[in-house]
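Working notes for the structure below.
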Amino acid sequence: MKAAIVGASGYSGEELVRLLLRHPQAELSAVTSRQCAGQTVGRVFPRFAHDALAKTLRFTEPHMELLAKTAEVVFLALPHGVAAEFAGPLLHLGCQVIDLSADFRLKSPARYKEFYGHDHPAPELLEKSVYGLPEIYRAEIKAASLIAAPGCYPTSILLPVLPLLKAGLIKSTGIIANALSGVTGAGRKVEQDFLFAECNESARPYGIPKHRHLSEMEEQLSAAAGEPVVLQFSPHLIPVNRGMLATLYLAPARHFENESQMAALQEQIARCYQAAYSAEPFVRLLEETALPDTKNVAGANVIEIGWRLDPRTGRLIVMSALDNLTKGASGQAVQCMNVLRGFPETAGLC
Amino acid sequence: MKAAIVGASGYSGEELVRLLLRHPQAELSAVTSRQCAGQTVGRVFPRFAHDALAKTLRFTEPHMELLAKTAEVVFLALPHGVAAEFAGPLLHLGCQVIDLSADFRLKSPARYKEFYGHDHPAPELLEKSVYGLPEIYRAEIKAASLIAAPGCYPTSILLPVLPLLKAGLIKSTGIIANALSGVTGAGRKVEQDFLFAECNESARPYGIPKHRHLSEMEEQLSAAAGEPVVLQFSPHLIPVNRGMLATLYLAPARHFENESQMAALQEQIARCYQAAYSAEPFVRLLEETALPDTKNVAGANVIEIGWRLDPRTGRLIVMSALDNLTKGASGQAVQCMNVLRGFPETAGLC
Amino acid sequence: MKAAIVGASGYSGEELVRLLLRHPQAELSAVTSRQCAGQTVGRVFPRFAHDALAKTLRFTEPHMELLAKTAEVVFLALPHGVAAEFAGPLLHLGCQVIDLSADFRLKSPARYKEFYGHDHPAPELLEKSVYGLPEIYRAEIKAASLIAAPGCYPTSILLPVLPLLKAGLIKSTGIIANALSGVTGAGRKVEQDFLFAECNESARPYGIPKHRHLSEMEEQLSAAAGEPVVLQFSPHLIPVNRGMLATLYLAPARHFENESQMAALQEQIARCYQAAYSAEPFVRLLEETALPDTKNVAGANVIEIGWRLDPRTGRLIVMSALDNLTKGASGQAVQCMNVLRGFPETAGLC
Amino acid sequence: MKAAIVGASGYSGEELVRLLLRHPQAELSAVTSRQCAGQTVGRVFPRFAHDALAKTLRFTEPHMELLAKTAEVVFLALPHGVAAEFAGPLLHLGCQVIDLSADFRLKSPARYKEFYGHDHPAPELLEKSVYGLPEIYRAEIKAASLIAAPGCYPTSILLPVLPLLKAGLIKSTGIIANALSGVTGAGRKVEQDFLFAECNESARPYGIPKHRHLSEMEEQLSAAAGEPVVLQFSPHLIPVNRGMLATLYLAPARHFENESQMAALQEQIARCYQAAYSAEPFVRLLEETALPDTKNVAGANVIEIGWRLDPRTGRLIVMSALDNLTKGASGQAVQCMNVLRGFPETAGLC
C-alpha cells in the first residue's frame, strides 16, 4: 500500500515520515513541501539519512493528480484551512485521506464558524468525515474515506473522559482540563515565542479561555454525554520537545460520603476503564501507585492514564500523558490508516 | 544588622546567601551546614566567589549560643521537622527567627498532626508564630519574633485568591489549584527522581490528592473566607530550574448572565486586585492581554498575576507566576526581615 | 537465542532492555538488579509497560548458574570493577559475555594499573577479550566469547580517527579530542553533580587532563598507528539527556600549501572514509555542507561524521555525533551480539 | 549621566536595559527599536515591568539628533553593518559611542574586507575606535569616544590567552579554541535553527573553520605576540540560554620534561595570571581543584578561568566560562562605560 504526505516538512510531517519509513505494510511514495521541493527526505531530515528510501525519495510540490496516481492513502499535515483545499480534490480522485488538521473534525458548520471565524470551505465533507480516534470510532474509521485525526489536546482529554461520561460515572458539567504541551505542539512555526531562549526556563498559559480545539472536544463530549457539555480548558506551554500532560478535574455522578462508598466508586471507575481500554494496545492504565509522566511515552503511540479519588473534595482527578507528535498526531494518524486498511492496528507502531 | 542562615547548603539557603550578600542593611554573619563546615561560602557556591565576604566567611556546624551571639536575625533553611528543634532555643536566646520550613505555618496542632503524621514538637510556638506573607500579615510581621515564611505553592495560590475571597467575589467552595514547579522546588535532594535525565523531557504530577502544604493553604483560605475551605491542589514537576506557575479555577460568587454583568464583575475583580496590590512592590498585576510566564520572574521577588473570566463556563481563571526560590522562599523571607526590622521593604530585593 | 542483562537498572541497562525487547532474533530471558529484584521490567521502566514480555519478566538477584541456564549471551551493564567478577564465571559456565564496562577493553595489565590504580582482577581474560567495535574488529568479534564493547567517548573518537591513522593520512602526534557528553553518559548515579538543577543551564569540563578512558583510546590508536600515540582528551558535560559530540583536531601527514594540494588531500580523505565506512550500516558520512548534530542520532545506533580542512591552519577538523546510550553503549553491544551470533548486523537496530 | 540604547529589542539590548536600570550613576534616557516603537520598556520586557522607569520609558524610532540631545553615551546593540551607519553621525553630534557589534573591532580595513566580504563603510573610524576589553585596554578606553566592545567568543578566548602570550609562556603557533555557546549568543533571531525543539537535546558545531570573529581574535593575539597569530576556532551551539565555555589548547614555550620543570612552569603560569588578573574585579582565577562552569557565571559580569598542565602531552589546557550576554556582551559594555566615565568599574555590575 502506498502512502503520501502533503506538507511533510513540519513536525507532524516529520513524525509521519519516521513512522511510515518503518511501516511493514505501507510504503512512503510521495512527500510534498513547497519549501523543500527537490531535496531528498534524508537531506531535509538528517535523522533519516541512513534509510535507503530516504536517500532517494525527493520532496515535490503538491500536485493533486500526481498524488492520486502515486498513493492510495494521503496524509495531510497542513495548517488549518489549507487542508480543506486538498481533501475534496483528493477524495474525488479516489484517494483515502487522513487529515491531521482541525479542518474536518467538527460535524457542525455553525460551530466551525463560531470558533474559526469564517464559513467552512467544504461543509459537505464534514458529514462524510470520521473523527479519527480509533479507540472510540474504530468501526467508522474502517469504512471511511476521509478521517480527521484529532490532535494532542483532544486525545489527551477525550480518551480519559469519554468512557466515564458514557458510563454515567461523572457529571457532564463542571469538567476542567488543565493541559501542558511540549513545544513541538506548536508546529515548526518560526516565531519569536518559540525560540529556544523564549521557551527554555519558561512555563506559561496561552489561549485562555477560548481555545479553538474546545469546539471539537465539546462536540465529542456532548455526543458521549447525550447533552451539551461545556468544557473548561487551559493549555500551557512547557519546555519539553515532545510531551503532553493533562490533569482533569471531574465530579462523580454520585457523592461518596464514606470509605465504603468511595471504595465502591473506585471499583466502578476501574471497571469502566478496564472495559473500555484493557484490550486497547495503545492505552496504558496505570496501577494504583503510579502517575503518568511524559518521559514514559516519548516516541510511543501510547497514552498513559492514571486517576485518584479525593475524599476531601469528592472529586475525581484523572491524569494522562502522551507524546504530542505520536499518539497526539502522527502515530494516531498511522493507527487510523492501519484500521482503515485492515492492517494489524499496531503495525509500524511498536 | 547581622543575620545568620542555618542550613545554608540547600537551594533556599543558597538563594538567601545571594540576597543577603547584596543587602544594604543586613550583614551575613554566619552560615551553618554540617556537610560544608569549614569551607568558605565562595568555595561551596562558586557563583559568589568574587564577593569579598564570601571569600572569608566559613560554614560552621550549627551551634545555638554562637548563632545567638553572632546574629540578631536567624533564618532557618532546614528540612521540615528539623527547624522546630532550632526555633525555640534561638528565640529563648533572644534571636528573631525566620523559618522557611513548614514547621510553624499552621495554627492548629491537630491539623499539623493530620497532615504530618505526628504531634507538633513545639505547639506553644504555633500560637506565637506569624505567617510570613507580608502582603497579608505586614502588621503582624512587624511585631513578630518567629516568622513562618510560606513556600512557593502557598504563595502562588494564596496571593491571588485571598483578596477575592475576603471581598466575597468568589465562592469559598470548589477552588482548584493546578500548579507547576521547577525542580529546585524539591530542594537539593540527592534522589533518583531529581536527576537531570529523569526530569528533563518530563512533566509529571505528584503528591495527588493530599499534599502536605494543603494544610496551611486551607488554614489561610478558611481564615479569609470566615468558614472552612477545602482546596483541590495538584502539584506537578516540570523541567525548569526556577519557576512556579499556578492556574486557579474559581467560581464567582454571583453568576453573570450577559455581557454587561460580566463587564461589571470584571470591573469588581480589577478593583479588588488594585485595592489589594497596586501599592505592593512585589505583586505585578498583568494588564488585559498579558499572561504570566515564569521566565519573567526568574530571580526576582515578584509574583505576576493575570486573570480571565470565561463567559462560556462562568468561571474565573486566575494565573500566577513566581520564582520558587525568591518570592516562593528566600526572597519572601528577606522581605519579612525587612518588614520586621523596619528596613525599606524592597531593600536588597530590587 | 536467549539473552540476559546483569545490572539492568541503569541507563545502559534500560537501553539494552529497549533494544532487546524489539529484537527479532534475541529473546530477553533474564534481567538482574539487586535493588529492583522482584519487580517486573514494566514496573521499573514504565516506558516498556505496554510490552507483553515486560509485563511478566521480573528482575532477579544476579546468580551465575541461573544466568548460565537461562541465557546464551549475557550482557554486563555493571560499574567498572564489578563486571570483572562476573565475566570469568559466566564464561566458564559456557556463556558468551558482552561487557559494557571498561574492565576488559585493555590488552595491557600494566596500562590498566596505571589508569585504574590497582591490579587487574582477571588479567588472563584481557588477552581473550575482543574490543567490541564491529566496524574495526568484525572478524574477531565473530569468534569471540568475551567482548568488551567500548563506550561513548572511545566510539566517538576512534571511528573517525582510526581509518585516517591506518591510511597514514594524519600524523600520530598532536591529536586532540574535545568531547561533549549528555548527562546519561554518567550513568544513573544519584549524586549531587547530576541533579537537574546542577546540570541544566550548565556546561562544564571534567576529568581533565587524565580521564580513564584515555587508556583504551590510546591503545587502539597506537595499534592503528603502529607506534605509541598520546591523546589529548577533554570531556565536558552538557545539558542533554542523550548525545555525544566530539570535535577532533588532527594534523595531516603532509602539509598542503595551495588549493590544488588541498583539493587532493580532500579527495584522499573522502576516499579513505568511503573505503572504511561506505558499506557500514551505522556510520553516516556527512556530505559537504552538513555538520553533525546530536539530535539527528538520538535513539539511533548511528555515528555521524563530518570534516573540514582548514587552509588557514593546515589542520583537519573531524566532528562526530552519536547517542551515548545507543552507538555509544547498548546499541553497540547489540550490534556485537548480532555479529557474534551471525544475525543480520542491523537486526533490532533499525 | 544619561545613556541611550539603539536597537534595544534583542537579547544584548535587553541585557543592557537590565544593567542600566539598576546602575547607580547612569540613567537610561532613550531606547530605540523600529519594531517596538511606541511601547514601554515594561511592556516589551515584562521582567522589568515592576521598575518605575520601565513603566514610562517608551521605545522610539532611532533618530540621531534626538539621541544626541537625550544621551551622553549611546550603546549600539545592532546587527553587524547597521552599527557602522550610526556611529559616525552620533560621534559627530558629540556622543560617546559604545558599539556591541563587530563593526569597529578591527584595525585593518583589509582584514575587515577579507572576513566580511565588503569594504568597511567607515574606515576612518577604525583607527579611532578602542577595543573594549577593559582588562587589556583600560587606559585607552578612558580616553576613547568610540568603543568596540568585544563579544562572547573573543572575550572567553582573549582574556585567558593574552597574558600568557605577552609573558612569552606559550607559543604563538598552534593555538586551538573550542567554544560552546548558549543560544542567546545567536541573538533574538527568528530562524528555524534557533527554535526550541531544534536546539533542545542538540549539540552542534557551526561556522567551521572560518568564523568571522577569528579576524578580531587574531588581530588581538597578534598584537600581544608581536607576530602574526593564526587561530583554530571551533564554535558550537548547546542548549543553555546564557553561557559560554571555551576550552583552549596551548603549547608552553618551553617543554617540561620532569616533575620539577612542570612545577616550575605551573608556578610561572599562576604568577602570570595573578599579575594580570588578581586585582581585576571581574576575572575569577579558579583554584587548583576547580574547573569553570557556566552556571556559576550566569547573569554576572564575570569570567572564570581554570587551567591544567598535562604532563602526558606537554600541553596547557585553559578553560574559561562566562555569560555570553553579560561579560560576553552587555556587562562588558557597561564596564567600558564605567571606565570611560570615571565611575567605579563595578558600578551597576555587582
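Order as written gives the chain letters A, B, C and D; numbering starts at 1 within each chain.
To be clear about the criterion, a residue touches a chain if its C-beta (ideal position, glycine included) is under 8 Å from a C-beta of that chain, and two chains touch if they have at least 3 such contacts.
Because the structure is predicted, anything quoted here is derived from the model rather than measured.
Against reference pair A-D, the listed pairs B-D, A-C or B-C yield one interface repeat, B-C (criterion: more than half of contact pairs the same by residue number). Interface subunit B/subunit C: over half of the residue numbers present appear on both copies, so the contact uses mostly the same residues. With chains reduced to the mean position of their C-alpha atoms, the one farthest from subunit C is B. Centre-to-centre spacing of subunit A and subunit B amounts to 38 Å, using the average Cα coordinate of each chain. Averaged Cα coordinates give subunit B a centre that lies 46 Å from the centre of subunit C.
In subunit A, the residues touching two or more other chains are 198, 200-201, 239-241, 293, 295, 298.
The residues of subunit A lying in touch with subunit D in their complex are 11, 182-184, 188-192, 194-201, 239-241. Interface of subunit C with subunit D (complex): residues 176, 178, 180, 198, 200-206, 208-210, 214, 230-232, 234, 236, 238-243, 245, 247, 249, 291-295, 298, 308-310, 312-313, 315, 317, 319, 321.
Contact residues of subunit B toward subunit D in the complex are 22, 46-47, 49-50, 201, 281-282, 284, 290, 293, 295-300, 302, 304, 350.
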